[in-house]
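Read through the structures below before going on.
In the two complexes that follow, chain A is the common piece, with chain B as its partner first and chain C second.
Let's turn to the complex of A and B:
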C-alpha cells in the first residue's frame, strides 16, 4: 500500500491537472464556437454570391443517390503512457475509384471561394470537437484517479 | 443576446480554509497579484510592489507515480465512484444561479465560531467576486506548500485546501440589443405585415382593385418576361449576323458573297453561344416565384416620384 504522503502528492498533481483540463476544455469549446460561427457566415456568403438555389440542401445527396465513403473517419487508439482511450481523425484522399468523393463538387465545378473556406472552417471545427472529446476523456480519467485516491487516502486514515 | 466568451480563464473562488492559508503564508518572495489582493483584504500590508507573474508549468506524473495511480484506479468504475462520492470540488457554471445562492446561503449560515479572526471575514472575502484565483495562482500555492512541507513547517496539501472552493467557469457576455436596431426591426416588421395585409385584401377593396393595372409599368411587367428575353436573344443574333454580313464589307471593301455569308453565320453563332448562357441564367431566375409587390394606397404611382 502506498504511503499517505505519496497519495496526497499524487492527489495534488491530479487536482491541478483537473483544473488545467477544465481550462483546456473551456478554451476548446470556445474555439469550436468561433470556428463554427465563421463557417456559418462563410456559407451564408457563398449562398449570397452563388444564389440561394445553387447552394442549398437540394444539392445534397438523397437516399436514392449512389453510395460514397466518408472522407473523414474517427479512429480509436489507446495512449501508451496512460492507457486512456484516444480519438483520432483519419483523412482519406479523394479518389473516384475507391468511392471517396469531394463534397464541394455537389455544388458545381466552379464553386465560390467562400464555400471552400467554409468547408475548411468546418473541417477545423471537427478537429476541435475530437480534441474536446479527448480532453473530456482525460478529465474523466483524472477525476476517476482522484476519486480512487481519495478512497485509498481515507482508508489509510 | 449572448456574446462570445472573451476571457477563457477558469477561476477559483477560494474557500475559507484556503483564504486563511493565503493570509498566513510567510514568504519574502514576490506574490501573485490575486494573492496580494486577498492578503490585503485580510489586513496584511504589502510594501513591495513586485508581483510574481511567471507562468508555472504543469507538473507531470513520474513513471513511478503513474504506476501507483494505475494500480489504485485500475479496477474502479467511474460511474460508481462518481455516484458514491461526497463532494470534493463543486463544479458548476457561473450562470447556475440557484447553485450559487445555495452556496451563499450555506456560507451565511456558517456558525460564527468557524469565522476567522481576520478583519476581512466580516466583509466575507469569499463572497466577493474580486477575490478569485486563477490556475497559475493555485500552482503557486502548490509550490509554496511543497517548500513548507520540505521544511516541515506544515503538512497541508493543495487538494485539501481546495475542498469547498468553487470552480467558476467563464460566462458569456450579455450584449444588450441596440435600440436603434430594435426600432428598425419593428419598423420593417410592420411594413412587411402591411404589405401582406394589402395583398390579402386586394380583391375586397374595389377602389384598389384596378389601380396597379392602370400604370404602364404594371402592364409591361405582366407581359411574359420570358418572351422578352427570347426576343432579345433573337435580336442580338440577327444583329450579329448583320455585322458579319454587311458591316465587314463596309470595313474591308468588296468581299465575296459566300465569304460574307460565312462571316455572318460565324458572328451570329458566337453571339448566340454567349447569349444562350445569359438566357439560361435569366430563365433560371424566373423559376423562383416573383413576389408581387403591391403599391401603397396613398401613392398609387410610385414610378412618378
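Let's turn to the complex of A and C:
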C-alpha cells in the first residue's frame, strides 16, 4: 500500500501541473479571441466591399445543398512523452471529384482580398483551437488523477 | 471508398453566431455528409434554446465529430448539458463571440479545475 507521504507528493505534483495547464488554457483562449476578433474585422471589411448580404449565413450550404467533405479535419496521434492521445490538424487539398470544395467560392468567384485574409486568420484560429482541445484533455486527465489520488489518500487515512 | 472512409479524419463542429460559423467554415471545417447532416448550426436571435440543446446532443452522439466549438454565450444557455458531458471525445470548447468576450470563470473545465481547490484540503498540518 502506498504511504501517505508518497500520495501527498504525487498530489502536489499533479496540482502544480493543473495550475500550469489552467494558465496555458486561459492564455490559449485569449489568443483564440484575439485571432477571431481580427478575422471578424476582416469579414466586416469584406461585407463593406461586397455588400452586407454577400458575406452572410445565407451563402452557407444547407441540408438541401449537395454533400461535401471538410477541408480541415482532425487526426489522432499518441504523445511520445505521456502516451496520451493528441489531436492534430489535417488539411485536404481542394478536389471537386473527391468532394472537397473551396469554401471561398460560396461567397462569389471574384472575392475581395479581405475575405481571403479572413480565411487565413480563421485557419490560424483553428490551430489554436486544436491546441486548446489538447490542453483541455490534459487538464481533464489531471483532474481525474487528482480525484483518484485523493480517494487513495482518504482510504489510507 | 471504404478505405477512404477508414482513413478520413474526424470533424470539428460549430454552434455559433453568424460570424463564428462563416469564419470557421471559411477555414474549411464545414461538411454536409451523405445523409445531408451538416456539422454546423448558425444561431440567431430567433433560435430557441431547445434547438441549440438538440443540436448539441446530436453532435455529441455523432462518432465522426472530435471537437465541438460553441460560443460561450450559447454554452451558458445549455450549461447543464455541457457540464454533464465528461467524456474526452468529443472535446467541447467554449469560444468567445464578437459581442461576448471570453470569461474563464464560466468555462466548464476551468470551473471543474477550480473545484479541486477544496478549502479543507488547503489547510496544512500545524508546524512545530
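In the analysis below, the second predicted complex is superposed on the first by the 138 of 157 C-alpha atoms of A that agree within 3 Å, B and C clash if a C-alpha of one lies under 4 Å from a C-alpha of the other, contacts with A are read in each partner's own complex, and residues count from 1 in each chain.
One rule holds for everything that comes next: a contact is a pair of C-beta atoms (placed from the backbone, for glycine too) under 8 Å apart; a residue touches a chain by one contact, two chains touch by 3 or more.
Predicted, not measured: the structure shown is a model, and the values here were computed from it.
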item	value
Touched partner set for A:13, first chain B, second chain C, both or neither	first
Chain B versus chain C as contact partner of A:23, first or second or both or neither	first
Of chain B and chain C, the chain that contacts the larger number of chain A residues	C
Chain B versus chain C as contact partner of A:87, first or second or both or neither	second
Which of chain B and chain C A:132 touches, first, second, both or neither	second
Touching partner for A:111 - first (chain B), second (chain C), both, neither	neither
Touched partner set for A:57, first chain B, second chain C, both or neither	second
Intersection of chain A interface sets (partners chain B, chain C)	15, 18, 22, 26, 30, 33, 140, 143, 146-147, 150
In the complex with chain A, residue positions of chain C that touch it	8-12, 18-34, 36-40, 42, 44, 66-67, 69, 86, 88, 91, 93, 95-96, 98, 101-102, 104, 107, 109-110, 112-113, 116, 121
Residue numbers on chain A that touch chain B, as the complex places them	2, 6, 8-20, 22-23, 26-27, 30, 33-34, 53, 81-83, 140, 143-152
Chain A residues touching chain C - in the complex, by the definition given at the top	15, 18, 21-22, 25-26, 29-30, 32-33, 36-37, 39-40, 43, 55-57, 59-76, 85, 87, 90-91, 103-104, 106, 115, 118-119, 121-123, 125-126, 129-130, 132-133, 136-137, 139-143, 146-147, 150
Residues of chain B defined as touching chain A within the complex	4-5, 8-10, 12, 58-59, 61, 65-66, 68-70, 72-73, 76, 78, 81-82, 85, 88-89, 91, 135, 138-139, 142, 145, 157-160, 162, 167, 169-170, 287-288
